[in-house]
Amino acid sequence: MKNQVPFLRCLIYLYKKATMRKVKELIIEKSLLSSALITILVTVGIIMVLSIEAVQFFSEVSIVDFFTDTQWTPLFTEKHFGILPLLSGTLLTSFIAISVALPIGLTISIYLSEYAPKSFRKSVKPLLELLAAVPTVVYGFFALVVVTPFLQELYPNLSGFNSLSAGIVMGIMIIPYISSISEDALHAVPSSLREASFGMGATKLQTAFKVIVPAASSGIIVSIILAISRAIGETMIVAIAAGQQPRLTLDPTVPVETITAYIVQVSLGDVQHGSLEYRTIFAAGITLFVFTFLLNTISYRIRKKYQEKYE
Amino acid sequence: MNSIQKNRWKDQAFKAWGILCTLIGLVLLVVFIGDIFIDGIQRIDWSFITSLPSRKAEKSGIYTALMGSIWILLLTTIISFPIGVAAGIYLEEYAKKNKLSGLLEINISNLAGVPSIIYGLLGLEVFVRIMNLGASVLAGSLTLSLLILPIIIVATREAIKAVPSSIKDASFALGASKWQTIWHQILPASGGGILTGVILALSRAVGETAPLIVVGALAYVPFAPSNPMDEFSVLPIQIFNWISRPQHGFIENAAAAIIILLGITFIMNGIAVYFRNKWQKKWK
Amino acid sequence: MNYKMKKIVTSIALALIIVACGEKKENNEGAQNDSAALSGTIKVDGSSTVFPITEAVAEEFRTVQPDVKVTVGVSGTGGGFQKFSRGETNLSNASRPIKDKEIAACAENNIKYLELEVAYDGLAVLVNPENDWVDSFTVEELKMIWEPAAQGKIMKWNQIRAEWPNEEIHLFGPGVASGTYDYFTEAIVGKSGSSRGDFTASEDDHVLVQGIAGDKFSLGFFGLAYYTENADKLTLIGVHNGTEVVKPSLETVKNGTYKPLSRPLFVYVNSTSVAFPEVVEFVNFYIDNAGELAKDVGYIPLPAENYAQQKENFRTFVESNK
C-alpha cells in the first residue's frame, strides 16, 4: 500500500507532462496553420481589393463600353474606357515574345534532353536559368538602349518606342521558362520508350519528335502556358521600351501601351484616391488578374493530371 | 540519298540547330552583360557608391538607392522568412489530405503566378492607404514579402520532402513528439534546401521594380531611410529613373548601377546554388 | 554542420544590421557638430517642368544645410496641388497658376498659400532632327492637331498641309496632371485640359524627349529646359505669333515676342509649413538663387526687381502666419 503512493504520484506527474506536451503541440500546430492561412488571406485580399474598386468603376462605366470601345483615354476630355487598346498592346508584345521563346526554348529542351552529354546539360541548365534571374529593369535598359537602335539600322521607320524590341527582349527572358520545364518533362519520359524507338531503327530526331515530345506534351504545354502568363504580366520591359500610347493595332513598329505599363504610368503621377481615374488602374488590374488566373489554373490542372500519369 | 541517309542528315542538322539555340541563349547573356559592363564599368568608384543622386550625371551616385535596397532586403527577410517557413512546415508535416490542404495548394500555386504589379495594387490599397503606412519602407517590404511568400513555401516543402522518412521514423521511435522531431531533426536536415529557396526568393525581391513604384517609392530621394516609416528608393527604381534621362552621362550611370545590381543578384544566386549543391551532396 | 550554418547566417545578418545602423549613426553625429544647423524634412511635389529648378535648388541647399532632407516628387502640377491642398506637401511646383477648384480644396482644409514666381519658360514645340518638311507652325495648325475633335481623325501630316508627307503623326506630350499640358491646351486649343487623348502622354519629360528623338514622324511639346538639355537630339520649331515666326529663347521669352507659349513658373508654399524654420530658410534660399539656377537648367530668370518683390511678399506671409 505504502509503495503505491510514490508510484501514483509518478503516474500523475507523467500524465500532466503528457497533457502539457499535447497542449504545447496543439498550440504549435495552430500557429503554423495560421501562417499557412495567410496565403488564403492574400488571395482574398487581392480579389477583394480589385473587385471593390472595379465594381465601383463599372457603376460609372458600362461593361459593354469597357469591352467594345476601341479607345482608352480615361484621363482626357473625350473620355473613352475601352480596354481593347491596352489588351492589344499586352497581347501583341506577348505574342512576339512567345514567337521568339517557343522555337528556341523547345529546341534547347529537346537538345539538352535527347542529345547533349550529361555534363553539358548539368552546367548549361543553371546558366540558362540565370536568364530568368536578371532583373527586368536591366532587360528594359537593353531593349531601349541596344535593341531598338540596332533594329532602327535595319528598318529606319521604326519608332523609338515599339512593341518589337520589347517583345524580342521579353522572349529572351522567358526562354528558360520553356526550356527548363519542357526539358524536365522530356527527361521524365521513361527510357523504355526511347529504347523501343531506337530498336526499330529511328534516328534521335525521329524519336524525339514522334515519340518523346508527344509523350511529354502535357509538360511542354504547361511550360508554354506559364511562359505566356509571365509575358502577359511583365511590366518593366514594356514600360521602358514599348511606349505609353494606348493604340489598337497589330503593327509592331509603333508605340503601344500594355495594361501593366498603364498602371505604372498612372502610379507615377498622383491620382486621387477614390476618383474614377484611380479606379481605372483597378479595372485594368482585374482584367490582367483574370487572364493570368485562368492561365495558371489551366496549367495547374494539366500538371496534376500529368503527374498522376507517371506515378 | 536514300531515306536512311536523309534521316541521318536531318538528325545531324537538328543537333547543330540545337547547339546553336543553346548557345544563342548563353551568347546573348554574355553580350548583354558585356555591353553593360563596357558602358558602365569606369563609372564605378567609391564616390559613385556614396554619392546622392544629382541633376548632374557625373555627381550622381547610388547611395540612397543602395541603402533603400538593403533596408528592403532586411525587412522583407524578417517578415517573409518565418511566415513562409512556418506555412511550408504546416503543409508538409501537419496537413492531412483533405479539401482544405488541397485548396491551400492550388492557392499557393496560383499566387506564384500572379503578376508582381498586382501585388503592388494590393500593397497600395491595404498597406499604404488602409493601414496608413504611407509610401514607407515598411509598406514596400510587406508588399514584397507577400510576393515572395509562395516561393519560400514551395522551397520549404520541397526541402522537407527530401528528408528521408527513416530519420522521422527513428525520431518517433525514440519517443519524440512531432514538434521535437521537426525542430531537432527535420529542420536541421532540410536547412540547406530552405536556405537556398529563401535566398533565391530574396534575390527576386531585390530586383523588383513595378510593385514598389505602385506603392510609391520616390524617384528623387536624397537621403537614406533612417526608420521603417521613411520614404525610400531602391536600386531598380533608380536605374529606371536614370534610363529615362536621355543624356549620355545618365545612361552610363544606369549601366554602372545595373552592374552593381547584377552583382548582388548573381552573388545571391551563387550562394544559393552553392548551398543547394552542398546540401544535395549530403543525401547522396 | 547545421549549427555551423546557423552561425554563419546569424553573423552575416548581424553584420548587415550593424552596417545599416552604423550609417545611421554617422548621419546623426554629423548633425550635432554644426552650430547653426537646421534639420527636418521638406516635401515638394508637382510640375515636372519646374522640377529641374527645384532639384538644383535642393542640391545647392544641401551644401549649406546638409541635415535638412528635401524630397521632390514629379506627380505633375495637378497631382502636386492635390497633395498640397491636403497638407501632404510643404511646397508645390507649378507650371500654371492654381485653379479655382484647387483653391477651394485648400480652403476646405484651412490651408492658406503664397504664390511665388520663380522663372519664365517658353513652351517648346519639337520634331525629330530628320524631319525636313516642317519649318514653322501657326497656332491654328497646332490647334487642328491637338484639339479633342482631332482624336482618331487627324492622323497624318498631309492633313495639316498638303505638301507634307502622307505619314502618320506620332504625338508626344505631357499628361493630364501636367501644368504644361494645361497651359498648352489653354493657349492653343482655347480651353485648359481640352485635347485629344490618343497620343503618348507622360508626366516624365525625359520619356517625351526619348520618344521624339527616336521617331522620324514625331511631334511634341514640353518645357524649354528639356530642349536646351537635349538640343542635339531634337529640332526646335518656331511658332507664328501673329506677326512673324518666333523660336523660344532667352530673349524672345523675356521680351514677350514668343507668343502665346511663354509663361511664368511658380512655387507655392502653404501657411502650415512656414512655422518650420527649415522651410522658411529653404524658400528664401530658393528666391535668392532661382535666377541663376533657372538659367543653369535652361529656363529664363525673372528681372532682379521681381525676385526682390517675391522675397518681400514671402516675408509678409511668414509674419502673418506666425
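Note that the chains take the letters A, B and C in the order they are written out, and that residue 1 is the start of every chain.
Following the convention adopted for this analysis, a contact is a pair of C-beta atoms (placed from the backbone, for glycine too) under 8 Å apart; a residue touches a chain by one contact, two chains touch by 3 or more.
Being a predicted model, the structure only gives us computed values, none of them experimental.
Chemist: Most contacts: which chain pair?
Modeler: A-B
Chemist: Taking each chain's centre as the mean of its Cα atoms, which chain lies farthest from chain B?
Modeler: Result for the farthest chain: C.
Chemist: Between chain A and chain B, what distance separates the C-alpha centroids? Give it in angstrom.
Modeler: Here chain A and chain B have centroids separated by 15 Å.
Chemist: Between chain A and chain C, what is the separation of their C-alpha centroids in Å?
Modeler: 37
Chemist: Quick check: what residues of chain B touch more than one other chain, meaning two or more?
Modeler: In chain B, residues 244 touch at least two other chains, as defined above.
Chemist: Check each residue of chain C and list the ones that touch at least two other chains.
Modeler: 73-74, 204, 207, 210, 213
Chemist: Would you give the residues of chain A that are in contact with at least 2 other chains, written as numbers and ranges?
Modeler: Within chain A, the residues that touch at least two other chains are 144, 268.
Chemist: Given the complex with chain A, which residues does chain B contribute to the contact?
Modeler: 7-8, 10-11, 14-15, 17-19, 21-22, 24-26, 28-29, 32, 35-36, 82-84, 86-87, 89-91, 94-95, 103-104, 106-111, 113-122, 124-126, 129, 146, 149-150, 153, 177-179, 200, 203-204, 206-210, 213-214, 216, 236, 239-240, 243-244, 251, 254-255, 258, 261-262, 265-266, 269, 273
Chemist: Spell out the residues on chain B that touch chain C in their complex, using ranges where they run on.
Modeler: Against chain C, chain B makes touches at 52, 54-55, 67, 70-71, 74, 77, 188-189, 191-192, 195, 218-224, 226, 231, 244-247.
Chemist: State the interface residues of chain C toward chain B in the complex, per the touch definition above.
Modeler: Residue positions touching the partner: 2, 5-6, 9, 13, 16-17, 19-20, 23-24, 27, 51-52, 55-56, 58-59, 62, 69-74, 204, 206-207, 209-210, 213, 229-230, 233, 297.
Chemist: Would you pull the chain C residues touching chain A in the complex into a rising list?
Modeler: Checking each residue of chain C against chain A gives 45, 73-76, 78-80, 82-83, 148, 151-152, 168, 170, 175-177, 193-204, 207, 210-218.
Chemist: Which positions of chain A touch chain C when the two form their complex?
Modeler: Chain A reaches chain C through residues 71, 73, 75-80, 144, 148, 152, 156-157, 159-161, 243-247, 254-255, 265, 268-272.
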